[in-house]
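You will see two complexes here that share subunit A, one where it goes with subunit B and one where it goes with subunit C.
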Partner chain A sequence: MKAQKPRAPWKAWFLAFSLLLAAVGLVASDCKAPAANRIVLWHAYRGAEEEAIAQLGARYQAETGTAVEVLAVPFLAYASKLSSAIARDQGPDVFIDAHERLSSYREEGLLARAEAAFPKYDIDRYDSIASTVARDEDGAAWGVPFALKGVALIVNTELMPELPASVEQLVKARNDGVFPLAYESESAYVHAPWLHAFGGAMLGPNDAYGFTGESARRSVAFARGLVSSGVVPNGADGALVKQLFESRKAAAIIAGPGVVSELPPHFPYQVVPLPPLRAAPSRPDPFLTVELLLLTPRTASRPEVSAFARWLASDEAAKLRVRAQVVANNQPWHDDTVVPVAMRAFHEAALRSRPMSTRAAMRATWEPVEQAIRGVMRAAAADDAAIDAILAESRRRFESARPRAVSASPTRGLVALGLGLLLTAIALYRRAKPRFWSGVRASAGAYAYVVYATIAVFVLVVLPLVAGAVMSFFAGPRHQMTYAGLGNYVDILTARGGPLFGYGSFYRTLLVTVAWTIANVALHVTIGLGLALLLSRPLLRAKGVYRTLLIVPWAVPSYVTALAYKGMFHQQFGAVNAILRKVGAEPVAWFSHFSTAFAANVATNVWLGFPFMMVVILGALTNVPKDVLEAADIDGATPWQRFSRITFPLLLPQLVPAVVLGAVWTFNMFNVVFLVSGGEPDNQTDILVSEAYRWAFTRHAQYGYAAAYAVLIFGILWLTSRLSRRWQAEST
Partner chain B sequence: MTPSTRREVPCCEVRDLSKAFDQTTVLSNVSLSMKSGSFTVLVGASGCGKSTLLRTVAGLEPPTSGSIWMGGRDVTALSPKDRDIAMVFQSYALYPHLSVRENLAFGLRLRRTPEAEIVARVSEASAMLGLDALLDRLPRQLSGGQRQRVAMGRAIVRRPHMFLFDEPLSNLDAALRAEVRVEIRRLHDRMGGTTLYVTHDQVEAMTLADTLCLLRGGAVEQMGAPLALFDRPVSRFVAEFLGSPKINWLDGQVKHSSSGLHIAIGGKALKVPDRYGQLAEQPVLVGLRPHHLTTASDDVPQFATMNVTFCEALGFETYVHGTLSGMGDRTVVVRVEPSHRVTRGDTLPIGIRPEHTLLFDPRSERALDAPT
Partner chain C sequence: MSVRANVKALVVHTLLGAAVIYALYPVLWVVTIAFSRDGLGTDGFVFPWPRDPSFMNFAIATGISTGKGALFLRQFVNSLAVASATALMSVAVAAPAAYALARLPFVGKRTGLRALMLTQMFPTVASAVPLYFLLSQLHLLDRRAGLVIAYSASALPFAIFQLKAAFEAIPVELEEAAMVDGATRFGALVRVVLPAARPALAVTALFAFMSAWNEFVLAATLMSREEAFTLPVVLQRFVGEHAAAWGPFAAGSLLVSIPVMAVFYIAQKQLLSGLTAGSVKG
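Coming up: the complex of A and B.
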């Protein structure tokens, strides 16, 4: 019989793979070079505004025949998506973003001057503050004012028929079961009016931290007074404020236009600018954010893009969107037929607002300011000294999070890298078996089967890992990173010069992370084991139903669960405290203390995590032979002895890998920590990943520093899993 | 405790035991009585309920009705650990994560036996079973036969009143099975417990049992000494179940004649053994074991002629298969001396030792001499 030559399967695979690559390439190049006259617009709007923008795009397309693609990008990812997409020449032609980001976009080179599209920039067409913030120090315009964002007072005219003339008057209007005022009392953004009223500013000149001194102290003392006297609900978030207003449990709220657009029809309300605060020297001006229409450098010269931008910013288009947002054009506001009453009030409020600083340091103030506000709100006593101590601590945080001037000569790093590569090569060469290469050649066909998976893993796993590791040797904001050598690591491992186990230090966070992991995994295993044992009882009826129900927590996206739990642990309105009150116990301020906040996080994560262990153990239980258990019965084992001496030891081989896996997941369980406690109180419940996140996204965008955290996390996990494997190998 | 004190203990008794899984009845009204120190073997076809009966006695399955008594106590409601029994499973059911030593000691540890006693009993059992070299191994590092020994050792160290075995030898090869079989009986005699042993292997059943209990479809078909069942089966089923090769069947007719009672088979007359006493003239099923048929000789006159179709020469004896001419087409097996060279197509003169003839009612299939 003639030996049949095996068909080389990899040829077919190679063909298929190349076709796939070609297809991907085509699609990618398609993104890169948009069809000649297609225009891409990015924005981060939701709800009514998103609809309005989409309609504008459609209308323009219908009228001019130019293809317009309007893309709503999620707000949280907006800035980073923009800068990476534009850097790769794949971003939008036109986009809308807040003026605070203008300077950093400019520095990154993501913008074209507005004059490119607006040769005769008509400054009077737009609100004057808005026009000012769109310009740089030399008066060159980098964007066109598009919309104004700010908060105002929204009053329920039934509960409060007479509009308050001052904050004091508003506060006095007490009604049973109704809060006179509700606002996000722990948000720095909504707190800002009080700070401004007492003469302060969040960011001082030269990027100095502004939330200190007399003005800050008086503003937080005032806010604390509102909450402690029951005028304002405690620790409400945006959703709760809206809900209180809609359910007529708050007579007035401080909020933006979004709330109004979602009120039911015929709801009795009126919007007014924040009334004066008589106790303070200045007006309580909220922050103003000006949304600008921005052009990217690549496309600014395309006439159709310019034409589209001009049309979007025109009075005609502004009239179409004035129902959904406070447009920055002046002209529509003169036309009463198109402007809704509420919008006019928001416009009025916006005109009195204070534009937010465009400095990059501004973004790093939110976290410490909010910590200070929360600290004061929850302090047992708040005399001046106590408040000052809290403010001083928040300032220290701001200062210590500032990027450090670390720079190192890359020479040493390059030498180390070269040496490392050389040593690795030598080690690999020496460890290779004598017939290594002939072995590789002989099984070339087999390698063909895994080459695609290898490429995928390399591109999706190894490359990002290496990129992250490389980034950890750099410092500074993304567009101007400088080589820092081991500077980030030294900084982290020396706790930035502070006490080793001080708040926010790497070691303290590590300790919390380890405690968090142990607590969770222990509970996952205990609960999973208990339920699995119950479910595996032969006499249990309707087993399938229970099993399905118990897997549900696993099937729900974790962030949904996390948000639900956050709500349940709310001090005033959460279900947990409601139950505590019902049974006569004191309600607990869950997120004010480390232990309770930690417990809330653990409760959430246990809910999310036990089904996995349960499923693993249910599977492992089927591997425990029934006759072995019967033999134990006959040998005289009680049910507990049978479990502890037979079932449990037999489960271990499958339980240990599951525990290692669960530990790794829990160690990095960002969702729960970030969404439930959010690190409260004072970042004490943050774990390493959420801490890394803060360095990257809330503290001066120190990506290198965050990357160093990530590398350390990776190292810790790698080491632990190695040790656990060795331990397991030894024990069997 | 010595075997002699053991013998004082009253027996184990199963009274009117029935067991059903959901709708299927597996055991119906089984009653058994086991004397202390006796060796009772349960045999029967696959699926007849042997294991179920054994497991019910062990307490692993609750009976549907009926009761189980041990040492004069009703233990029906007791859990296995309170019944003072040990069981050897067909799969051995060793604890996979424990060494041989710990497998043996497990039951003793649970009962908080003093350590010195544990060591003594484990070493005694391991010496008895030749496990000394294996004590530190895990079950998966043992051969099938070694595992089987460990399983027996685990039962022995506990020194229970009663040993239960569920086909303990079925996973061993034939030679080893024969060896262990002898050993089990020896151990039983030495330990002095009461043993209930399940098997479907009739050689095991015959050689081991003091009392043999043949189950059929969940009911006791016949119980008694092994040879009693072999020689005096109460039914065609029992006669067929025991004996290898199987018993031969011929159709006959009881006839009265001047010389007395005889059975007419295909024109020949066969003497009815005396123990049947008076029989009416009736058709009968005649059972003849292969070794009760033989080649005709001076001692045994020719009764029929066999047309040989097949011949099994085992060396120490030879079984010849064929039909008897003029006596129907049932296949008959005859044992002949190995010195006979017989091949297919031969004819063989056959004689019968009539005193061993078994007679059955062809309709009820009960033995004609069975007590009613």
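Coming up: the complex of A and C.
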């Protein structure tokens, strides 16, 4: 055999060396041990608020000598991190969160009563609504009011020198190229003031769905009027609203204090509570969110934690953070020297706001309400009957997502489990040939090669999945799960009593998922293969540059590019429609129809995924011996013949696992669907796994239901792979 | 002949150029957002370009504007260490397993392969919480080693499949020759098979590196100290409940992708040096 020429370019050595160094460094220098008696505070604030809290922590540490560790957690991970960590005694001593989650935290046992740290719970020091909210349904105070959050009207005083006395007046103030008003028109949270003005409420007594009837109909008709007359931009999200205001394309916006703190210096603005809506009987009061200081059970007895919590909620500390947030203490607001003007206006607005319900059902209203709002915004005609039909549908969705009191006796399940294990054991015993054990002994050498991988995959991949799968036999929110037997499965497979192929039903979603997978994988492989073949041409110049530029979609974090795609497909401001307009075509409302929304999702995912396939194929192409290709060329084979007879068959062994895994991953690729179309319109573009996520995170946190979806997805993929194996076996 | 070759080259470059435009266009929007002081313009224009270029968002994303630059550097080192160690670990563990699956007969091989594929079919919607409990039992919370172990395990199945296929493509005569020369089987694997499978090793390592480099949910759940955060967690901090700070988020995302591109640029020689070509002769 020819000797392998040892090729060791310095780059490869450098890479290997730095990898090794990194690995050694990892083991050698892990984080230094934290101080033993420290106090840990968690929050999810950003920007000015984050800085204010960090400064408070540092100040307390300097004054008292107690170590204080402040951790800013990403909002998306906050709630789940809290419940995992506190349950394992690894969580914070004190944390700050919105009052809507008070009930579920309390029921999960994550909280200690505020009285533990605040012996004289002094209600007058805090705003009275906030103090009421801090008391949960059982009347005891479970948190201390910390800050108030709500929206107000932020006016550009150059574009709108006169503050509007009513919403009607605001809407009339038209300027060329400037929206009189911008707000997140499809957000239930920002729509709430209109609903309240027309006398409605999102959630009625006894968890009744409130977005129904006269008040809801008039509120959505009003909002639709704002958008269709061009007063308010269509389908804007928070970021777009902020941009419109900052670029002076909106004279006024409805938004929270976060926007104000990020405005450039000297921006001409003023904050006022929402003006009255003359057409409606009541005031358009926005929702109020009260952020609470919460104590965890394990540390409530530590006196230094109580002392810190008391100081953090004190008027003294409140004065230090009143520049950054609307503090819930009353006292600082009497002192004009410390309060910024804009904050005072947000405080005034907050005092007129309506605290959100702490019920878990409250969070489950967002999805159906927003669907109803979007439905009305997009409907061709919006007479009363059409709106009522949309509202009725949203109500049906809310009702069908409600957790049901399912409880089954676990006996049958246990008997089935026992029988199943017994039958498996018998089957294994009978299938085991006499040579089985000698075979195992002979395989010992091979087992030495696979043992680490087996242990790692079993412990860290299989066990957590099994633990997750077991949850599918339970129902209810995480802290009060009851055994439900096959109840979740029955519910899903019967489409919860709705039409079997209705929107959001299992079967319809499955069809969408299959179409999604096929479209993506086909395009991934075609584009990846095409580019890889082009890039593997021996005489190609600037290969390295092309290859590196073409993996950019893979290199940039997908979260940000998926959102960039969502922005590109925006109807009014998106680049795709701008291009269409340039070439004289009609702009498309991408997320209003199934086909276009689906296409937008696929376009995003294909873009994200083709570099991976390209790299895999480039790697596999190196296995194609060049001399064989050259010989074929000399023998007069056409390029197509060389590809189909030599290259492609040699690619297959590495291409097949990549394609199969790619298909499986695409089947379960939830974040593109989540971030780009968000399931629009009407959950029609949702795939199975994004449905599962909705059940886990937006619909009453029904993890059991989500787990049942996961098991069903697993079952479908397993069945498909078995069938395809059989077909393969038959065809060869 | 040479005219034909030139035309051919032109066609190839045109096609690749179009692909590059397709690949870069959305990223240009991210670049525009990152370099714009006042967020993205709203004109609905076709060619993204920052109108008022500034580095402010980069200063915010790296914490320089708030005096947290050193912390960002540390978090960058965390990310680099975790991703590199994940790449190394997963290849080191996957390679012997893949080799056994490719070459050695043993009882339970088919079942094992199928089980490996099955792990990829189960959505991870409900497995973060059990994983948290597990790692807290192992006292690996808040430790980079814990992240490395979790990431390597989840990168293993793909790594094993990929390497198994690559090993199967290597002629068995290579190892046999080495073993005739007195090498043990493991020695033959290390000295003959692995060097021959270098492109596949590089692809596998790159894949493991990328998945660890961009992972956010587990890192945010398992790490509870700022000094232990990885960059995706830091980035995710810019996304709030109601609105996100797009400027710093985009700037941070670009910074995060630069090392990946650098690693790829360096590693591509390894990816594509067809070492197996013509090595079985004589």
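In this section, the second predicted complex is superposed on the first by the 613 of 732 C-alpha atoms of A that agree within 3 Å, B and C clash if a C-alpha of one lies under 4 Å from a C-alpha of the other, contacts with A are read in each partner's own complex, and residues count from 1 in each chain.
Everything below uses one rule, namely that a residue touches a chain if its C-beta (ideal position, glycine included) is under 8 Å from a C-beta of that chain, and two chains touch if they have at least 3 such contacts.
Note that the structure is predicted; figures quoted are calculated from it, not measured.
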Partner chain(s) touched by A:A632 [first = subunit B, second = subunit C, both, neither]: first
Which of subunit B and subunit C A:V462 touches, first, second, both or neither: second
Which of subunit B and subunit C A:A67 touches, first, second, both or neither: neither
Subunit B versus subunit C as contact partner of A:S247, first or second or both or neither: second
Which of subunit B and subunit C A:I646 touches, first, second, both or neither: first
First (subunit B), second (subunit C), both or neither touched by A:I713: second
Subunit C versus subunit B, contacts on subunit A by residue: C
Partner chain(s) touched by A:A360 [first = subunit B, second = subunit C, both, neither]: neither
Touching partner for A:V560 - first (subunit B), second (subunit C), both, neither: second
Subunit A positions touched by subunit B in one structure and by subunit C in the second: 625, 627, 650
Parts of subunit B lying in touch with subunit A, wherever the complex brings them together: 58-60, 79-81, 85-87, 89, 91, 93-97, 106-107, 110-111, 154, 158
Touch list for subunit A against partner subunit B, complex: 625, 627-628, 630-638, 641, 645-646, 649-650
